[in-house]
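Each of the two complexes below includes chain A, the first together with chain B, the second together with chain C.
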Partner chain A sequence: MELNMSKIKRLCSPDHLRNFYEKFGLPRLIISLFLLGLFILAFIMKMDLTILLSASLDRIGMNGLLVLAMLPTLVTGVGLNFGLPVGFVCGLVGGVISLEYNLTGFTGLFTAMLCALPLAILTGYLYAALLERVRGQEMMVGTYVGFAVVAGMCIFWLTAPFRNPSMVWAIGGTGVRVTITLYEHYSRILNDFLAFKLFGVTIPTGLLLFFGFFCWLAHLFFRTRTGMAMVATGANPMYAMSSGINVRRMRYISVMLSNTLAAIGAIVYAQSYGFLQLYTAPLYMAFPAVAAALIGGATLKKATVGHIIIGVVLFQTLLTIALPITQTVLQGTDISEIARMIISNGMILYALTRTERG
Partner chain B sequence: MNEPKITPQTLPEKTAGQVKTGKKFEGIMGELYVPLFFAVLCLLGIVAAGLNPRFLLNEIIIRLARNSFLVLSLIIPVIAGLGLNFGIVIGAMSGQAALIIITHLEIGGLPGFLLAALISVPFALITGYLTGLVLNRAKGREMVTGYILGFFANGVYQLIFLVLVGTLIPMSNPKMMLSSGIGLRNTIDLIAINKALDNALLSSVRLGAFKIPWATFLAIGLLCLFTSYFTKTKLGQQMRAVGQDRHIAAVSGINVDRIRLIAIMISTVLGAWGQLIYLQNIGTFNTYNSHEQVGMFSIAAILIGGASISKATIWNALVGVLLFHTLFVVSPLAGQRILGIPQVGEYFRSFLAYGIIAVALALHAWQTKKKAASREKE
Partner chain C sequence: MPGNSVLELKNITKSYFGNTVLKGINLSVKPGEIHAVVGENGAGKSTLMNLIFGMPVIHETGGFEGEIFMDGQAVKIDSPRQAMELGIGMVHQEFMLIPGFTVMENIKLNREPTKPNPVSKILGPSMETLDYQAMSHDSKTALEKLGLEIDESAYVSRLPVGYMQFVEIAREIDKKNARLIVFDEPTAVLAESEAEHLIAAMKRLAEQGIAILFITHRLDEVMACSDTITILRDGELVKTLVRKETSVEQIAELMVGRKVERGHLPPRSVEPSDDDIILELKDLTVEMPGERVRGLDLKVRRGEILGIGGLAGQGKVGIANGVMGLYPATGEVIIDGKALKLNDPKAALDARMAFVSEDRRGVGLLLDESVAVNIVLSSVEAQNKFLRRTIIPGVRLLDQKAVREYAMKIIKDLDIRCTGPNQPVRRLSGGNQQKVCLARAFSLQPEILWVSEPTRGIDIGAKQLVLDLLVQFNREYGMTIIMTSSELNELRRICDRIALVYRGKVAGILKPDASDVDFGLMISGKQPVKEVG
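Presenting the complex of A and B:
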C-alpha cells in the first residue's frame, strides 16, 4: 500500500507535465488525438492529403470570424453568444444590398460590409439591452432571440423590395431566392487574393490574412483601456464596479462587438462558399462557432484570441477531413455529420456543466 | 415527516391573493394576458382564412389528441424548479426506440402499442436518469443545458440507428433497413399500430359529425388526474418545495438532487409515451427527424397557454395546445388569403413559436431580476 502510494506520488511529481495536462484540458487532448488518428488513417489509406489540407485551410478562414465573435461576450462574462444569427442576418442584408446594385469585386465585398456595419451596431445595441435585462439567462434567451430573428427575416426576404432579377424569384418577381450565387460578384475573392500553392496545398492567403488581421485587432483591443476594463468585468464584476468601471457599458460594448464580427463573418463566409444562403440557413450558425471556441480551451469565464485560433483550427480541420476519410473507410456510411453533432454538443455540455464547480 | 414544515411555505401566496381581491384580479389578468392575446390572434386568423368551421374543429380535435400528452409531460419538472424540460426530446427518442423494436418484431394493433409503451419505460428511465445527472451539474442553467443535451442525444441516437444497427447490433430486416444492410431507413411505416390507441375504444361512436379518439382522450384525462394527484403527495410537495427554493428545501432535509432526478425521470417517461401517442396518430415516422421539433413545439404550446418557467398547470397545457395548433392550422391559409403567399404564414408560425419562447424566457428572467433587486432594497 505504502509503496503504491509513493509510486503514484512519484509518477505525478513532474509538475510541469501535470500543469501541461491541466492547461491543455482533457477534451482538447481527446480531439487532438482523434484528429491525429484521422490523419494517420488517411495516410494509411493513401488518400490525397493535400486536398484535405487545402479544404481545411479554406474552412478555417471561412469560419474564423464567426468563432472570433464569441470572444468579446465570453471575456465580459455575458457567456456564449448563441444569438449569433442576429449579427449573421445583418451581414446577409448587407450582402443582398450590395448585389442589388450589381457591385462586383472588392467594391462589392466592402460595400456589403459597410452596409452591414450600421445594421449590426444598431441590432447589437438592442440585443445587448435585452441581454442586460435577462442577466443569468443570456444563453437561452439569446438562442431563441436568434431563432426568432431568423424566422422573422424569412418574412422579410419574401416581401423585401429588391428588384434585381438575378436574385428575386423568377416567377412573380417579389421575394429573394433561397440561395443567390455570388459567381459574378465577389465569389471567393478573398480566398483567391494572393493565393499560392505550397507542396500542392493551396493557401488562401487573402482569407487567412483577413482573419489574422481581425485576430490581431482583437489582441490589440484587449490591451487598450476599454479592453482591459472588459477583461476585469468578466473576471470579477463586483471588483470591476468598485474600481470605477461601468460594467453595464462594457457588456453593451461586448455584445455589439460580437454582433458586428458576426455580420462581417457572415459576408466572409458567403464569399468563401460562393453563395448567399438566406431564409432558414443561418438558424444553427451559432452552434459550430460556440463549439469551436470551447474546443480551443475557452471557458464561460475566460477566453483569449489564442483559444479562438486553436479552436477554429482543430474543429474545422476535424470536420473537413472526417467526411472523406470515414467515407473511404466505412464505404458510404457518413458518420461525419453524427460526429459533428456529438463532438460539438458534447463540448458545449462539458462547458456548461463544468464551471459550476469553479 | 417534513410535510408540515413545507406546506406552509406554499400556502401564503394563495391566501394573500384571496385576501386582496384587487390584487388577485390583477394576478389573473396577468396570467391570462398571454392566452387572451393568442386567442384574439387565432380569431383574427380564422376570420382572415375564411375556414370552414367543421374542418377547423375536426383538425383541432385531432391535434388536441395528438399533442396534449406530450405537453402535459412538461408540468412536473416546472414544479420541481427545473424550468421547461427541453429534454423531453430524449424521452421522445426512447419512445421511438421502442417503436422500432415492435415494428421489427411485427407486433401490431393495441397489444403492439402497449408493448411499445412498456418497452419504452426502461429506456426512458435510464436516459432520464442520465439527463437528471447532467442537469444537476448545471443548476441555474438547466434549460440551455437540456436543450444542448437534446442535440447531443440526437447524435447518439443517429449513431445507434444509422451506424451501429447492422454492424455492432445484429439486425436484418430489409423492410426497415437501408439497402446496404447498415442503418435504418429514413421513414418507417407504422401501419401495424396506425391509430391503435385512437380507435381502441368505442371507435364507432361519433360526436355529431366528428370522429373522436376516445381512448386517447382517456389517456390524456388519466395523465391530468395523475398530475394533479401527484402534486398533492408527499413527493409532489417536496418537489414544490425544491422548486420554490432549493436552499431552504435542502436545509429542511430534502435530498434536492434526488427530487430533481425523479422529476426529470417522470417527465422523460411521459415524454416517451407522448411521442408514442403522437406517432400512432400520424402513422409513419421519420426515423431521424420526428423527435427534433417535439421539445420546441410542446414548450411553445404550454407557454402560449400562459405557463411560465416557474409555474405551469394542466389548464396551461390544454389551452396552450388548443391555441397553438389553431394558429398552426390557420396561419398558412391566412397568409395565403392576405398576402397571396402561403409561405408567409408558415414563416410567421415558426416566428411565433420561436418568438413566444424568447419572450417568455426574457420576461421570466427580467422578473426574477426585478424581484431580487426589490428584495435587496428591502
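Presenting the complex of A and C:
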C-alpha cells in the first residue's frame, strides 16, 4: 500500500506532470479532456457507445490518408497543403475511370488508384511550380488553387466523355452525375476486409491496416536520404543548402507526394463513404484535414507521423461523437448540421491560433 | 566634477549574462568637442553608445553600473525618448528613414508643426493639419547648418545613399535642444568624397557648440577631425589621447595591442609553401549583404592554417560563403588546378571542402534535431554515407546503428558535452553547439576546411578547446584550414599567415608575429609598413 502511494505521489509530482504536459501539449490535453467529457455525457444519456466507437473508427480510417497528405509539405516547410482538393479530384477522376469499365472489388479499387497516380504526380508538379513562385504565401495561394481546381473540374464533369449509363446523367447522356454510388463496385471494400466485432464495436481492419501501412511507409521514407533532406529543408533551409541539398527540388517532391496521398486518400474516402461525390463536394476537403494535423501537434516547423495519427484520432472521434450527443441533448431541434459546422470550423480556428509560428 | 562637460560617464560597467563587456569606463565630452571612440569589433563601442542612448537592450539585460552626468547633474537614461529629451541625438549606422516620405517629412517625423482646422477643434489636436511651410523652413535651416543643398521636398528613396546620412543628421540637429550627437560609424556606407563631406559637416556642428561622439574604426578620419580620442579594447578604456599629441601608429598599436600567447604549436613534417598551392581565388566577388567581397585574389598553401581577419562589414565573412555557394559569387576558384563550379553548394562539397558557418544557429545547425542527426546529415546528403541497403533495390535507409556508433565516437573525440547522441542541439551550450558544427564538417573528411568565427558567442574555456581542435585537424589529418575571425588575437595564436581584408579585398598578408602597429594599420585600411609573403 505504501509502495503504491509513493508511486502515485511520484506520478503526480509537479515535475512528472510538467514533463508529460510539455510532451503532450495543451491543445491535445484540452481536446482529450473534452472528448472524455463527451463519452461520460453519452454514457449518462444512455446512448449506444458501441455505435459511436464503430463510427469513429470508420471515420479515422476514412480520413487518415488525407491528413497524412499534410505531412510532406509540413516537413519541408511549404506549410499545410490547403490545396488538398487538387489531389482529391485526381482521385475522383481515377475512381470514375475505374467505374467506366465497370470494374469491381479490389480490381476496381486498385485500378482507380493506378489511374489517379500519374494524374496526381503531374498536377502535383504543376501545383508545386506555382507554389514555388509564391514562396511564403503557399497556404493562402493553395486554398484558392484548391477552390479554382474544384470549379474547373465542374466543367470537366459536365463534358467528360464517360459512357457508362450508371453514372452519366439520365437525361441528355453526357456528363457525370453529382453523386455516384459505388454499391456494385467497391463500396466499403477496405472497411469490410477482415472486419470483426469486439465487444460490439466493429473494427474496420482493412481500412485501418491500409492507413497504418501508409504511415509506416512515411515513417521509413523520412529515414531515406531524400526524406532526411526534406526534414532538413523544412527545419533550416540554409543548413540544407550548405549540405548540398537542392532545396527547391525537395519542395517540389513534397508537394507531389502530398498530392499523391490526397488522390489515394480520396479513393479510400469514397469507398468508405460508398459514393463518389463530384462537382463541388471536394471544395472544403482540406479544412478538416488541416485541423486534424494541427490538433495532433504538428506545427509549421515540425511534424511527424505521430502527430498525424494522434490528430486524426482526436479530431475524427470528437466530430463523430459530438453530433449524436448534441442531437440527443437538444432534442427536437435539427441542430446537428449547425453544430457540425461550429465544431469543425471552431476546431480549425482553435488549432490555427495554437500554431507556433517560426 | 568639471561643470563644463556636456556628458560625463563615471565608472561604467556593463555585463551581459556574466560576460563583462564594459569595465569601469570614464569619459567626458565638452561642448563643441569631437570625441572619437575607436576600437576593434567587440571592444564595447556599440554597447557604450546603446547605454548612452538608453536603448532597451541595456535594461532588458539587467542595466549597468556607474553614473551618467549631463552638465554636472546625475541623470538616468532609461529609454531613447529620455535621451532625446536630454538633448542626445543619434545617427545610426543603418539609416532609419522612411523611403516613401520626403526629406522634410523625415526630418520632422513625429515632431511636425501643426495648424488647427475645423475637424481638430472637435476631435482634438491629433487631427490638426501639418504645417508644411514651417516644416520646409525648419528643414532648410537644419540642412543649411550641414552645408548641404538638397531639395527638402524630394523623396528620400530618390536620394543617393550618401545624402541619406545627412538627412538623419539634419533630423537630429533640428531637435531644438540638440546638445550631443552620437555618430555610430557614420562613414561605413559612404564613398570617400561623401565621407569627407560628412566630416566637414561634423566640424561645422562642433563649431556651433554641439558635442559630438564619433564611433569609427577609420583612423584617418579620426585624425582628420577629432579633438580627443578614446581607445577601447576588450571592454576596457585603454587610453584617452589628445589628437594633436598622437599618431596613427600609436592609436593602431593601442587598439590591437595585447600580449599574444602563441602556444607551442606542434611542428609539421613539411611546412606549407608557395610551391604547393591548394586553392586559388581570382577576382572573387560575393554578393553577401553587409559583407561584400569585391574582386579578391588569394592563394592558399596546402596544409596551412590561413587566417582571414578584418573589421566587420569589410567582406571577410563573404569569402567562405561565396566559395561554398551560399551567396551569389563570380570570379574564379581553382582547387588543385581545377576550376570550381560557383554558386553550387554541392559542387563545393564534392571538391572536398567543408564549411563551419559564422551563423551557427542560422546555417550550422538543425536546432530541434538530435546531436547525431546534426553531425551526420551533411555526410548522408553529400556523400551517401551512413546508409544501408534494404530488400528493395535502390532504396537505402539511414543506418541508425552506424550513426549512433559514429556519433558516440565523435562526441568522445571532440569532448562534446551532451546527455547523448539523441539530445536536441538546442539544449547544448554555445561551445558544444560549435563543436557539433565542427563535427559536422569533420565528418565530410574535407581537404579544405573553411571556418568562420569559430569562437563567437562561446565562453573562454570553450574558445581554447575549439582552437585546439582546429590545430588538431590541421596537424593530424593534414586539413588545410581557412579560418575567418574578427578576433585578431585568436588568428595570431594558431594561424601560419593572416590575410587582412579591407573593402572587399585583401589589404595584405601578415605573419602572426608581425607588430601590432602593422595589424592596426592594415585592419583600418592604411597601407602596411611592409608585406610578407
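The criterion applied here is as follows: the second predicted complex is superposed on the first by the 315 of 358 C-alpha atoms of A that agree within 3 Å, B and C clash if a C-alpha of one lies under 4 Å from a C-alpha of the other, contacts with A are read in each partner's own complex, and residues count from 1 in each chain.
Keep this in mind: contacts are C-beta pairs under 8 Å (C-beta built on N, C-alpha and C of every residue); 3 or more make two chains touch, one makes a residue touch a chain.
This is a predicted model, so every value here is computed, not measured.
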Which superposed partner A:Arg133 touches (first chain B, second chain C, both, neither): first
Touched partner set for A:Leu349, first chain B, second chain C, both or neither: first
Touching partner for A:Asn63 - first (chain B), second (chain C), both, neither: neither
Touching partner for A:Thr123 - first (chain B), second (chain C), both, neither: neither
Partner touching more residues of chain A, whether chain B or chain C: B
Chain B versus chain C as contact partner of A:Arg223, first or second or both or neither: second
Touched partner set for A:Ile338, first chain B, second chain C, both or neither: first
Partner chain(s) touched by A:Ala148 [first = chain B, second = chain C, both, neither]: first
Contacts of A:Asn81 with chain B and chain C, given as first, second, both or neither: neither
Chain B-touching residues of chain A, taken from the complex the two chains share: 82, 130, 133-137, 139-141, 143-145, 147-148, 150-152, 154-155, 158-159, 175, 287, 330, 332-333, 335, 337-342, 345-346, 348-349, 352-353, 356
Complex interface listing, chain C residues touching chain A: 324-326, 345-346, 348-350, 355, 357, 359, 362-369, 373, 377-378, 380-382, 384, 387, 395-398, 400
Touching residues (chain side chain A, partner chain C) in the complex: 220, 223-225, 228-229, 231-232, 235-236, 238-246, 301-302
Interface residues, chain B side, partner chain A - complex: 134, 137-141, 143-145, 147-149, 151-152, 154-156, 158-159, 162-163, 180, 182-183, 339, 341, 343-344, 347-348, 350-351, 353-355, 357-358, 361-362, 364-366, 368-369
